[in-house]
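Let me begin by presenting the structure, written as structure tokens, before commenting on it.
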Amino acid sequence: MSSKLKVSIVGCTGYSGMELLRILSQHSGVEFAVLTSESYSGLEVKKALPFFNSDKVLVPFNAKKIAKASDVVFLCLPHTKSMEAASVIIKAGKKVIDLSADFRLKDNKVYEEWYGVKHTKPLLLKQSVYGLPEINRKAVKGAEFVANPGCYPTGIILGAFPAVKENFVVASDILVNSISGVSGAGRKSSTALMFSELNGSLKAYKLVNHQHTPEIEMGIIMGSGNSKVKVSFNPHLAPVNRGIVSTISFSLKKKITTANALDLYKKTFQDEPFVRILPEGQLPETRFVTGSNYCDIGIKVDPRMKRLIVVSVIDNLVKGAAGQAVQNMNLMCGFEETTALLNIGLQV
Amino acid sequence: MSSKLKVSIVGCTGYSGMELLRILSQHSGVEFAVLTSESYSGLEVKKALPFFNSDKVLVPFNAKKIAKASDVVFLCLPHTKSMEAASVIIKAGKKVIDLSADFRLKDNKVYEEWYGVKHTKPLLLKQSVYGLPEINRKAVKGAEFVANPGCYPTGIILGAFPAVKENFVVASDILVNSISGVSGAGRKSSTALMFSELNGSLKAYKLVNHQHTPEIEMGIIMGSGNSKVKVSFNPHLAPVNRGIVSTISFSLKKKITTANALDLYKKTFQDEPFVRILPEGQLPETRFVTGSNYCDIGIKVDPRMKRLIVVSVIDNLVKGAAGQAVQNMNLMCGFEETTALLNIGLQV
Amino acid sequence: MSSKLKVSIVGCTGYSGMELLRILSQHSGVEFAVLTSESYSGLEVKKALPFFNSDKVLVPFNAKKIAKASDVVFLCLPHTKSMEAASVIIKAGKKVIDLSADFRLKDNKVYEEWYGVKHTKPLLLKQSVYGLPEINRKAVKGAEFVANPGCYPTGIILGAFPAVKENFVVASDILVNSISGVSGAGRKSSTALMFSELNGSLKAYKLVNHQHTPEIEMGIIMGSGNSKVKVSFNPHLAPVNRGIVSTISFSLKKKITTANALDLYKKTFQDEPFVRILPEGQLPETRFVTGSNYCDIGIKVDPRMKRLIVVSVIDNLVKGAAGQAVQNMNLMCGFEETTALLNIGLQV
Amino acid sequence: MSSKLKVSIVGCTGYSGMELLRILSQHSGVEFAVLTSESYSGLEVKKALPFFNSDKVLVPFNAKKIAKASDVVFLCLPHTKSMEAASVIIKAGKKVIDLSADFRLKDNKVYEEWYGVKHTKPLLLKQSVYGLPEINRKAVKGAEFVANPGCYPTGIILGAFPAVKENFVVASDILVNSISGVSGAGRKSSTALMFSELNGSLKAYKLVNHQHTPEIEMGIIMGSGNSKVKVSFNPHLAPVNRGIVSTISFSLKKKITTANALDLYKKTFQDEPFVRILPEGQLPETRFVTGSNYCDIGIKVDPRMKRLIVVSVIDNLVKGAAGQAVQNMNLMCGFEETTALLNIGLQV
């Protein structure tokens, strides 16, 4: 037991935290050190979260105590709340994987513009490593501090960067329409998130100024090396718990067949354990990845409109949050990258 | 009673037919003549459709008999099946409202290319009137034979044509992403339409070659007078029964504010009883129109990407099918256009 | 216009209030006087509730002002909040239809035991009339003050009282299992009512001590005349917006066939416009009544277990709340009982 | 590799078969021998089931070939289809786990009465072992041929037998109301199982004569030793993919508190890895067990009605089908009973 890695989860009664509990409980190399919750502190985990058989008592967050007790700390906090927390734990020499948006963007001005709040730890931005292994694995491997990507950016960057990198599409006018399940909005009570307000209904929201837009552009630039990338991002909400489907439309710069485009994508991802390119004629569905860490991608060329359309799906709570965080932890801590992450999706 | 219009529904146990029953049962100016169903013929309506209290017996379709017994016939048949049926009833001098796709496109070659089947009544195409009152009201008023628009085209044309008509967007590269409820696929058993295959999942489908594409282009051209219109159409499926949200993205040809764009849309639709333009800052949700004949539209300009984004929602079974068919019947037969159609949406 | 009845809705941005707006907007005999909302006061209705095209401004509740401006006032308030409100409006001589639970039970001690709060207007309980027209129509007709039944009680009482009245079942051990949609819990934000906490999941709740239990027993006693009635009530929650299915199981006191039991039910309800008894072999589904004021009932006898099983379905927001309230208003104010209530269910 | 157990799945593109693929892919002690499918034979698994990365080709069922190639065969066939198949494979000396209903009931007359078809292998009924480990573990351990329990019976028997065994409830009039997700009906196209026919709706079905009734009674008798058990079973359908909640109501024979009843249940299941008794005041929800092999149970005593109410939940595809089948395989083949089954539920 003592040889196991001591991991702590800050905010483990939110959806990302709960999902970390679920995934890490299957990981033979770790043990839970501290589990925090503000809303349920003082309760045993199994009382607050009946699906999880643990007598461990939830405690309120205390950065110094948690740093002392842990090897790795997962921060599942609302944005702005991670800034101070990460700072303390990093200083104490412990590894941090931050699931919030606070340390993803490298420029605090961009953060402040899109998030509408002051960044209080701009210097720490230089230390954080963007944790999308498929485009940044080497950096993640040696990292002490990883900024875990957002849910929309994960699926969109993976679907978009290869076409940009291979230079057969216009980079400056990429159109992305995504549909997300509701858990992406987090676990917080509000009329807008009530069951009866969402069930049976479809909508677009936060058009034009969704805060994930600059992260999406940053990630595609990082993956492709093309700094001209600009993205018009239209997010939608649909009545499912989990899953994001992103449909990415590019103007073609040269003629290409669907088969050729698929080959380029297959080559790009040939060694990736969690990206699956579907055969020609098939498009992904979010149920293929429910509960799993996979990102499935389908492709179709439209010769009439001279467009390439790429569809990617992920489970926003797994590859889009907790699963990717564990993948990052595996890389940071010397575990096999796929440990605890190879289960396949529920499908039904 | 004898002074009421005699209406018949061909295929009244499919979703469009059921919805016609629901709407027409509130219409004081009509009475049911013949109700046909192949799957349930011989049964009383209330036995086949327990929500509808009628002892009327469902009969198999017979074009001549139905023409004789009716003033107006609604055809709710799968595509290709309306060709012969419409032909017989039109010849008998009775009004036809065809909810299938068979008589919407004016060019049988285009029909054959996108639907992949032969059109057996190309001459009749000249007689049919495209039944989207907001762009073709005059023609519908005198019509004997109306081709009722498709569900996707209805919401997309209404959302798109004003911007094209006002000439502040690029017409030749319009991008449309739609999300539809499942009833749009009709009432036919197949594994792909089973509850457990769709619930909890999201997907794109029929990218690039969805058969509604040429109808969408035709309608925007008809509404705007601009023949350069070309559309890239990405349909998606989400686990709701009813409703389509369409997000339409245009490249701006000139600078415009959201407020100005909204004013142009409001002006365009100022006399329309079923189109509602939402105030700046609000976007429509399909629940606002569930069970109603409204089309709700929201607009946002993206100055960074130089794009106009229009979102429209309809209930695919009402404004996208049966409600619009009744609106057309009202116009064709001299009723007040809004008769039986003014109820508001269920919302929850 | 001046000849129309002036109706006001207190709490019209909750689910019952919204549903009253929807139904009353189809009622030709009424006009809206005052619409109140605490959360949205100061806003135009169409801003707060985009599905409803009205420029009327929502105001905070003021009992005296509303009494002055109205002929009939619908109270859609949480329980305990109606006590004072009803008192003031009744004293001002205006009709009140109270959709809360505050004036349904005749004995304030029973109210206090099951609701766990003090009843501050026990004398007013004598004036209120229990508004289930199928068992209490005469009293409703002359009433100034109607306590509108609860959603569970409505469907269960209608399904249960005929068997008890006809005396072929044991009255003292009736077992009821109900499954409700989520809108029954009202429109209030809480983690437990979030979409992702309910979608995809099923549960029993408030077993043994659900506050509707004494109302259910009172109603069956009122309808049957048998004071021995006792009910074990097991409510469940399922991920639908609207609808309650109640499965009622009785021990048979004598042999009876399904056909005979159906005949007795048909006779009981033969003149009722909103109760439909399904033919032998058919069981109701909540979609048959979605958006409508019907209560559908199916019956099956189990000779092996010597049990009668009755299944009833209603839309909890219509027959279980706003529709029944309008039915009561129609009776109280001399309108045809079915006015604005004859639309059929959405089914899909 | 050669030391791994060779397992085959007959009917692996149905829901139970797909779930076996999902679970067994995490089991380190087995490898797939033959995977059969009639609808998709000739296709690679990953083409038929895109969530499962396998190039293995699906083949049509051939009993002799499969017996030769396998150590254990899982039969996921519709009822009546397992009779001949099991017979051939058992004779060939290979282990069979039959997920159909064909070999659960010990008396072929009872099978024929409730299933309405002839049993062609009545002698083989004596060889089959009822595979509910919690009441029959010893027999399963030595078994060559296991009849895997039905989904409803699994949750109901586990929830009911301890109360009967401890003799504080009336055994001859047990009332069970269950609500099931849709996947329980299997993967077969039919109008009744279409998304739009079920979504948003609730119903009871197969009241009085559901074919699982005699299996439920048999299992409670087997677990309790009380042969007087009789059950009135009311199944319902709700729009979720997975999960069954069963609410079991007993007449109390003696006074008991909720705490005492809970203690008796806890004692009964203290060594069971997959049954969790919730603390007083908590009731289970199906999401607690989604995707997992747990059965969660909550209890409440009603002193007013002198009744005990037990609520149990399972995932019908895991503990109610494929998970339990793997649990049985583990016992039959000498693996640790919990191998590949310890993951916790998705919750959201």
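Per-chain numbering from 1; labels A, B, C and D assigned in written order.
The rule is short, and it goes like this: a contact is a pair of C-beta atoms (placed from the backbone, for glycine too) under 8 Å apart; a residue touches a chain by one contact, two chains touch by 3 or more.
Source: prediction; values computed, not measured.
Undergrad: Look at interface C-D and say which pair in A-B, B-C or B-D is its repeat, using the rule that over half of the contact pairs are identical by residue number.
TA: A-B
Undergrad: Between A-C and A-D, flag the pair that has more C-beta pairs in contact.
TA: Of the two interfaces, A-C and A-D, more C-beta pairs touch across A-D.
Undergrad: Starting from the mean Cα coordinates of chain A and chain B, work out the distance between those two points in Å.
TA: Taking the average C-alpha coordinate of chain A and of chain B, the gap between them is 39 Å.
Undergrad: Report the inter-centroid distance (CA atoms only) between chain A and chain D in whole Å.
TA: That pair's centroid distance is 36 Å.
Undergrad: Nearest whole angstrom, what separates the Cα centre of chain A from the Cα centre of chain C?
TA: Chain A and chain C have C-alpha centres separated by 45 Å.
Undergrad: Could you say which residues in chain C touch two or more other chains, in rising order?
TA: 15, 181, 183, 196-197, 200, 239-242, 284-285, 287, 290, 348
Undergrad: Which of the residues in chain D end up touching chain A in this complex?
TA: 15, 18-19, 22, 25-26, 47, 49-53, 183, 200, 241-242, 276, 278-279, 282, 284-285, 287-292, 296, 317, 342-348
Undergrad: Which positions of chain C touch chain A when the two form their complex?
TA: It is residues 15, 181-183, 187-191, 193-200, 239-241 of chain C that touch chain A.
Undergrad: Given the complex with chain B, which residues does chain A contribute to the contact?
TA: Residues in contact with chain B: 173, 175, 177, 179, 181, 196-197, 200-205, 207-208, 230-232, 234, 236, 238-245, 247, 249, 251, 283-287, 290, 298, 300-302, 304-305, 307, 309, 311, 313, 348.
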